[in-house]
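Every chain is named by a letter (A, B, C and D) in the order it is written, and numbering of its residues begins at 1.
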Amino acid sequence: MKKIAVLTSGGDAPGMNAAIRAVVRKGIFEGLDVFGVFNGYQGLIEGKIERLDAGSVGDIIQKGGTMLHSSRCPEFKTPEGRAEGVRQLSERGIEGLIVIGGDGSYRGAQALSKEGFPCVGVPGTIDNDINGTDYTLGFDTALNTVIDAIDKIRDTATSHERTFIIEVMGRDAGDLALWAGVAGGAESILIPERLHDIGEIITRLRQGTGRGKKHSILIVAEGVMSGQDLAAKLKDAADIETRVSVLGHIQRGGSPTGRDRVLASKFGARAVELLLEGRAGVAVGMRNHAVIDYPLTEVFSRREGMEDGLYELSKELSI
Amino acid sequence: MKKIAVLTSGGDAPGMNAAIRAVVRKGIFEGLDVFGVFNGYQGLIEGKIERLDAGSVGDIIQKGGTMLHSSRCPEFKTPEGRAEGVRQLSERGIEGLIVIGGDGSYRGAQALSKEGFPCVGVPGTIDNDINGTDYTLGFDTALNTVIDAIDKIRDTATSHERTFIIEVMGRDAGDLALWAGVAGGAESILIPERLHDIGEIITRLRQGTGRGKKHSILIVAEGVMSGQDLAAKLKDAADIETRVSVLGHIQRGGSPTGRDRVLASKFGARAVELLLEGRAGVAVGMRNHAVIDYPLTEVFSRREGMEDGLYELSKELSI
Amino acid sequence: MKKIAVLTSGGDAPGMNAAIRAVVRKGIFEGLDVFGVFNGYQGLIEGKIERLDAGSVGDIIQKGGTMLHSSRCPEFKTPEGRAEGVRQLSERGIEGLIVIGGDGSYRGAQALSKEGFPCVGVPGTIDNDINGTDYTLGFDTALNTVIDAIDKIRDTATSHERTFIIEVMGRDAGDLALWAGVAGGAESILIPERLHDIGEIITRLRQGTGRGKKHSILIVAEGVMSGQDLAAKLKDAADIETRVSVLGHIQRGGSPTGRDRVLASKFGARAVELLLEGRAGVAVGMRNHAVIDYPLTEVFSRREGMEDGLYELSKELSI
Amino acid sequence: MKKIAVLTSGGDAPGMNAAIRAVVRKGIFEGLDVFGVFNGYQGLIEGKIERLDAGSVGDIIQKGGTMLHSSRCPEFKTPEGRAEGVRQLSERGIEGLIVIGGDGSYRGAQALSKEGFPCVGVPGTIDNDINGTDYTLGFDTALNTVIDAIDKIRDTATSHERTFIIEVMGRDAGDLALWAGVAGGAESILIPERLHDIGEIITRLRQGTGRGKKHSILIVAEGVMSGQDLAAKLKDAADIETRVSVLGHIQRGGSPTGRDRVLASKFGARAVELLLEGRAGVAVGMRNHAVIDYPLTEVFSRREGMEDGLYELSKELSI
């Protein structure tokens, strides 16, 4: 293998640039030519492919977003779309592809690998919801963005003795809400992995008030319900007044944390090694404090249950 | 005058704690006893008044919110409510009151002063919308919070080549939106002080696209319309897809910037001097790079037009 | 066991407050009375011990430093000193002690446990250098503080096309230097665990210049040599001009990151459980992505070698 | 005038990129061709001059440092050096030059203007020490960097009950030390504009201890003495133990604050207007809350005394 390519796909996540840099630098270190595919699978089909040298990824390790851009590409779900992508790569002599993205992005990589073009996946999504790895790029940065917002909102919650609802990202996975809620000292945390009883939330709020607590923070993952819906329920059921803050897209951006940069560096470099070792159709990941790899097919099986302990702990510490 | 009190009222703003600290420390330096009134005018009526010593305001200069808390108090708009407030103060031998807050808070201070109890106002609101002063406490911190959010959102806007609408605070005043928009390099800025033509915004967006711009940021002050409404208009009028981010209450919190802390220190100390000089019914402010004072009544007249130059400049620089 | 106490000892680290909060809240949740010992072992001997309720640890999860303060205490190394400490605890009916600190602090806990007073250790040090745990509280925050400094210095290094040496903390352990160096994209990283050849560093700098690199960042852990000494060596050996920045004590402070807060919460809560389970003379830690516990004696054996891979990777990626 | 150029010179300062962007965008808005000179006056002599379009300054408003780089250039102090610089500009049809930098950089602009080549200065230095303007680009960002460091160091100072000395930049001007000291709640502030009596500092420290203060922060501008020298004096004169932190080059970097970005935008745009109005040999500045311009020669006269009030206030508030 003499030439490889890298692309980013799906929602952008902090650390993607650091991973791109690692792929390019490690590839060059190993004597490869490394190409960047711009605009994800869509750009692959359109042939938006450029050679990257060591300097072209200088000064990007600290940047949010992805210098290769990203986009959705329904066409790549078809065999014809993928065939065109492979043609674009082969025409340039590229023999392996590294895909940085979430599980949706992995499907393309898996299909390509199955069809004979070697791909390796690198987990990049703030949701931390990729099966098989303890950790995805961007989660740590998003976590710190959310707790920075919680810290700010707590200032005003305290000053006005109010209850705030903060809606954070997470359609299917509550990791961001749960970690941020624990780190932000939230009084209640609602995540998609658990059933929520509005009555219990109200009881907790009232117990807090009974103990002299004059403000409260509730975190709700968007996959449970919207912040506005939760506010309406609390108002209807118990006449509790709340303010709602929807954090939105700020959660996706920002300079990656140290941890995201280091793991991106490890992941990107390991992905290059895997291609060189002839391993295709696998993803890199973090398990038990070590970089591992595993078949992409594992990703698409059901995600393992989340950490029970942390959810229970959040309740014990927010008394 | 041997005893004075300080309270915060209205929406909290970063720098209020630094101003409280300055009032307390300067008062003690001048040989006064200084009291804190908790929960604004409501707490004043309820007698939530405690003496503060130099140590009680240690380690607060860097904190957002207000250690004295704040609340709304319709009762204080009545002569009876104010009479009870004065009784609470007089009963403790307190002869002067410093009110940190926005123009709504100033009305109470003005009424009290007129009725014979000396008050001095300190401008504290992130909106920068108090007539007579170039600057209000909290504006600089809120500005930096907003541009931090814009910087983050630009990461994702660039990566996905999208147009984002960011809704910021400001019902009547567009200062925050305008400064943040210029500082964040926004393509269009909508503020309450100007009429906006949806057609012009669309033209600008299309010109940008024509020049190869692949993403755009639009800032809209809440007083103009909601971000969602703007998105709907762009969609209806020109089929332009946008994403909306409502920054919400994070804009009120956070550790104050250096500038907010220094000005809070100057304002708080000057307010104490004014009470000692027998000047009542005035507010401190910043004009022409100097701390000034002026009658509270000036605040309630119409606010002077905003800086024309900056709005025009924002258009010239976002080509 | 009905009453327990908690103290912090040694150099302060971000996350200590979050751990104190977790001990107090978890203890109360389990029906215990929890006491705080102020000023570390010195305060223990002096009886600076106060009961903490749930509210006394409110609003501290986000704060750097330690609300219990810390100090050195040579006296506690003597049996007499420790006997006095135990007397102070027993006199209040306290039957277990949680010590948050580094390996020096663990020696006191180990001695106490051996002498019959149950202690549990919680790893708190920015150096990440405690044997038996993959992770210590404060490391993640310090890492982000250092990379924030590197990012800033890179701005000026680039603008002036200069080589900068940044000296970071770490007498015996290079984790902070290594992680920060990788995350900051440093050209060379000098850590105590490796021999360094000034000739190789010079060669790398010159190769970089040869490839058109106009600025460089070198990270040196204080345990290797001072930044000034490294600058002198580069000047003497190859007439290379550098600027030196010694980051110093800013590395110890700051609001803890999300990760430090969450792990502090887990560690603190687990420490309480261990006391309740009758486990003494152990420390909590993180291994393989799980909270574990192990005998304090393991800490004092030689630390396992550091991660080889990351050091090699740092060289491959900084080409 | 159809073509103009812009360069940055002297120490880099946050906001320089925002000013470059404003020059380029405003110039293009006015129908000009705008050129960037790389590497300051040195690059001017060497002809490192490139045309910049609107896109070439996209995505730089938020970046520290200067994309045009900077360097020292003794040769430009000679008439021959300047003649070569003018030749390089004239050869490209460039008729005006905007110089962003400190007072040293202004000397070149002043000499060129006198010799017939129109120049306009834009004040860019973190020291805030340019005569004739209340404000220089970079000061506000540096101020916030310093107070962020003070806030961090205070965490550890409090935890260990120690006295810290923080050395900040400022050879001749104490603005940064003074503002940061007030904003950081420092107990003593030493600036070049004032004589300092070590005895008074000791007295203040002891008074603080007498009142129960257990930690202190002293700020010293490098122009007064080094932090180490101050530590030695306190040790010698009164056996006071201190820790020293030298903030160094982190003070020059970082993403510019909102204020620095907005003022940079105003300054850069106004500089273009001045060239178009045929005004040469002037600098832009901020006075009385308005953008002004004044002859470069004024800069080289003695700087006006600094704000007395703030220094006195710092003493009153740090009781």
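Going forward, a contact is a pair of C-beta atoms (placed from the backbone, for glycine too) under 8 Å apart; a residue touches a chain by one contact, two chains touch by 3 or more.
Keep in mind it's a predicted model, so treat the numbers as computed, not measured.
Contact with both chain B and chain D is made by no chain of the assembly. Common neighbours of chain C and chain D, by the contact definition above: there are none. The chain with its Cα centroid farthest from the Cα centroid of chain B is C. Separating the CA-averaged centres of chain B and chain C is a span of 39 Å. Chain geometry summary: the mean Cα position of chain A and that of chain C are 28 Å apart.
In whole angstrom, the spacing between the mean C-alpha positions of chain A and chain B is 35.
Contact with two or more other chains is made by residues 151, 154, 158 of chain A.
The full set of touching chain pairs reads A-B, A-C, B-D, C-D. Across the complex, chain D is touched by residues 21-22, 25-26, 28-29, 54-55, 58-59, 61-62, 134, 140, 143-144, 146-147, 151, 154, 158, 179-180, 182-185, 211-212, 255, 257-259, 261-262, 265-266, 269, 287-289, 291, 309-310, 313, 316-319 of chain B.
Remark: chain C residues 8, 11-12, 14, 16, 39, 63-66, 69-71, 145, 149, 151-156, 158-161, 164, 243-250, 252-254 touch chain D in the complex.
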